[in-house]
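For reference, the structure discussed in these notes is given below.
Naming follows writing order (A, B and C), and every chain is counted from residue 1.
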Amino acid sequence: MLTIATGNKAVAAAAKAAEPGVIAAYPITPQTEIVEQIAEYINAGDLASQYILVESEHSAMAACIGASVGGVRTFTATSSHGLLYMHEMVHWAAGARLPIVMANVNRALGPGWNTWAEHTDAFSQRDTGWLQVFVSTVQEAYDATLMAFKIAEDERVLLPVMVNLDGFTLSHIMQSLETVEIGDFLPPYHLPHAIDTENPCVYGPMTGPNDHFRFRWDIERSMRDARGVIAEVEREFAERFGRSYAPTEDYRCDDADVIVIAMGTLGKEAEVAVDRLRDDGIRAGSMRLRWFRPFPDLDLAGREVVVIDRDYSFGFGGVIAGSVRAKTGIEPYSVIAGLGGQEVTYNDIAGFVRDRRPGEETWFGVNEDV
Amino acid sequence: MTNIVKRSVSILSAIPKEEYLLKCTSACAGCSSSLCLRYVLKAAGPDSVLVVPACCTSVLQGIYPGTAMNVPVYNIAFAAAAACASGMSDAFAKLGKKTNVIVYAGDGGTVDIGIQALSGAFERGTNFLYICYDNEAYGNTGMQRSGSTPLGARTTTTPGGKLTAKKDLDRIVEAHNPPYMATACSAYPLDLYKKVKKALSIPGPKFIHILAPCPPGWRYPSEKTVEMGKLAVKTGMWVLYEREFGKLAISGPSRAAMRRPAPLEEYIGGQGRFKNMSPEILDEMRHQVERSIRRLASEEAGAC
Amino acid sequence: MYEIRIHSRGGQGGVTAARLLALAAFRDGKYATACPFYGAERRGAPVVSFVRIDAEPIKIYSQIHEPDLVIVLDTSIMDVVDVLQGLKGDGTVLLNSAHPLEGCGASCLHVDLTGIALARDLVIAGSPILNTPVLGALAKMGIVTLPSVQEAIREMFTDERNVQAAEAAYGGLKV
């Protein structure tokens, strides 16, 4: 069905289509619309999930863990401080190999209170063992959430997936949305290690160094296998529903001399900047990083690179700039921009490319004159 | 008197022979919480799942890949037991399973770090049984004080004795109006068995608070574990009761003890943690016991 | 691309107006985005919303700095906010006003949305509903079609008086 919706409503619609057995969530700006929309679905009888309105995000993830290992598909949504508050359980969910799907509406962290977009919340969960995808349109929020269930529940993966969308900029924008009849796209939930009282097992008891180490390697092995599973699922999604996705969305990159790397809505806005730069004879391209974990292979050989980080790792640098440098050996021009919802236009992005200084770092609007 | 003994024996023989806690735990010698767990699981039977936050029970299960447990056990982080059980209970409801979901948590994971999740799960009406086995300190980290540590008790973080009273967990839980809640003590396994049975027959959130004496933590000889529990009840330091839909019923052993409590010194004197306690603290403790007995007795008599 | 900036006060329905407009444009077969600029949401405080309409998918998420059209749902805002900021040279202003106002350029239109709402008793929490009648005015200006406006309003509201108010604004606006 073709309609118009916000990013939040698209996520809720995808969660509804996946028919989770249990949804546990706690409201937080700017994610709240997801929690409310799910409540509306359930109240109207359009969704038969057990809906646990928990008293905190820590409990939201704990409840998802209990439900997931109990044998049903689970979903939750959060943002910013909510994500940080559940951090302990975020690690637990991955370590317990539970295919939980969570939408995270990216928002800055306090102090002071700022409810606008920033990627620091998601990146603070970088090493938890979750797959993370960043979306840039309402449609992609829907599609990625649906695919997240299939990827997470694949027996070669069995890791949770976080779907990230920019707070307000995407969560509250209205764009067109085509919902689909998912048919058998999602197979029935099957967790090989679900609790079975006929075959009693102990989960997560005291574990010595050798076994612990092996379990951690198992996570990494699945994370590596996830690349192939993601590709398979995205291919199947394209065949069934006609919309194609890849680990990066490359725009006019083929003959580009300089490539802008960004994530989320800034990654989409960068395409407009590329068009403007091309009009001025600058051969620019845009590479929007969709998957953050597993981190995609980037083919940037022979190009100059401008990375826009809507995040910062204090005492180190932009997280994506650092990742690009580590993965490709290229010294990018690192632009820190958009923190706390800072307005960044396509003209600004075009300016980053024009004024690029490879190997240097700039905080847009803060120290560019220094 | 003769009749009472006969009835007890007949019920004791009705306790299933099946063991769900096998004889290979890594519990301390004289551990009363593992004793309780044995009876809890006998009452609950094989179609049960234990949800266990960080506590002594995380340790006594044994080390992977071995286990002393013969029912599924889901180990979860310290603050998360009630919430995890909440999700599991709803998953089973969704799947049409009648499996018992039982949280088995220590006092730290209940009265301190886990109390938010506990309160939330009870407020939501989660169908589960939450059991707090209370050894009155953080046991598996080596006996630091918890909110459940009694006044005057020495722990590794209160070397001079705790200056504040034990948190009244039961009145906190009671404020959630659960359909069933009870206290129990490791020294009265039959009483515990019956309470678990009854709790699991009632839908909704149920709560059992077990006093579980701890030889290394309370500093008494391992073989005195049962005696220590009996003394707690006989002195009125610990009162056994049930509360069904709010209505209080004092359990047999405490009924006698409340009429004529044994001297508090019999309980205090046998435990190294109360050594060198000042007379003032002892007096205050005595007042606490009296107040608690008076409150419960008058409530049961319908006086409040 | 046609870019619209809506000025209103919190609680006057500017955000819903933006969403309705995007929906109507979408029903016309165009691409549209509506994004309110969220601050601390306080009733009565000046707020701004953005709508973009185009024949192609819209990739821009930043605010609209050079609008083609500025809509002012509450002209008292003009005392505190420069609503004309960045307006394109050939841009238009649409005011909720019974009378023309001085100093807002050549292509300044006005329609009495408040009067239209009050005449139909379209009042919520003491405030006249402006977000549905304004859609009629926008249809008259040719930004969206009247049938799409009617359809969009019916998708979001059950009270038929909202459609009638839009039709009244369509009839009342002189272009």
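To be clear about the criterion, a contact is a pair of C-beta atoms (placed from the backbone, for glycine too) under 8 Å apart; a residue touches a chain by one contact, two chains touch by 3 or more.
Just so it is clear, the structure is predicted and the values come from calculations on it, not from any experiment.
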Overall pattern in which the protein chains touch one another (line/ring/star/complete/other): line
Remotest chain, chain A as reference, centres from CA atoms: B
Centre-to-centre distance between chain B and chain A (centres being mean Cα positions), rounded to whole Å: 43
Whole-Å gap separating chain B and chain C, where each centre is the average of the chain's CA atoms: 64
Distance from the mean Cα position of chain C to that of chain A, given in whole angstrom: 34
For the chain B and chain A complex, residues of the former touching the latter: 46-49, 51, 58-59, 61-65, 67, 69-77, 79-80, 82-95, 99, 116-117, 119-120, 123-124
Chain C residues touching chain A - in the complex, by the definition given at the top: 18-19, 22-23, 26, 31-36, 38, 58-63, 65
Chain C-facing residues of chain A, complex: 4, 30, 115-116, 166, 168-170, 172-176, 265-266, 268-269, 271-272, 343-346
Complex contact set, residues of chain A against chain B: 21-22, 24, 49-50, 52-56, 58-60, 62-72, 74, 88-89, 92, 195-197, 200-208, 211
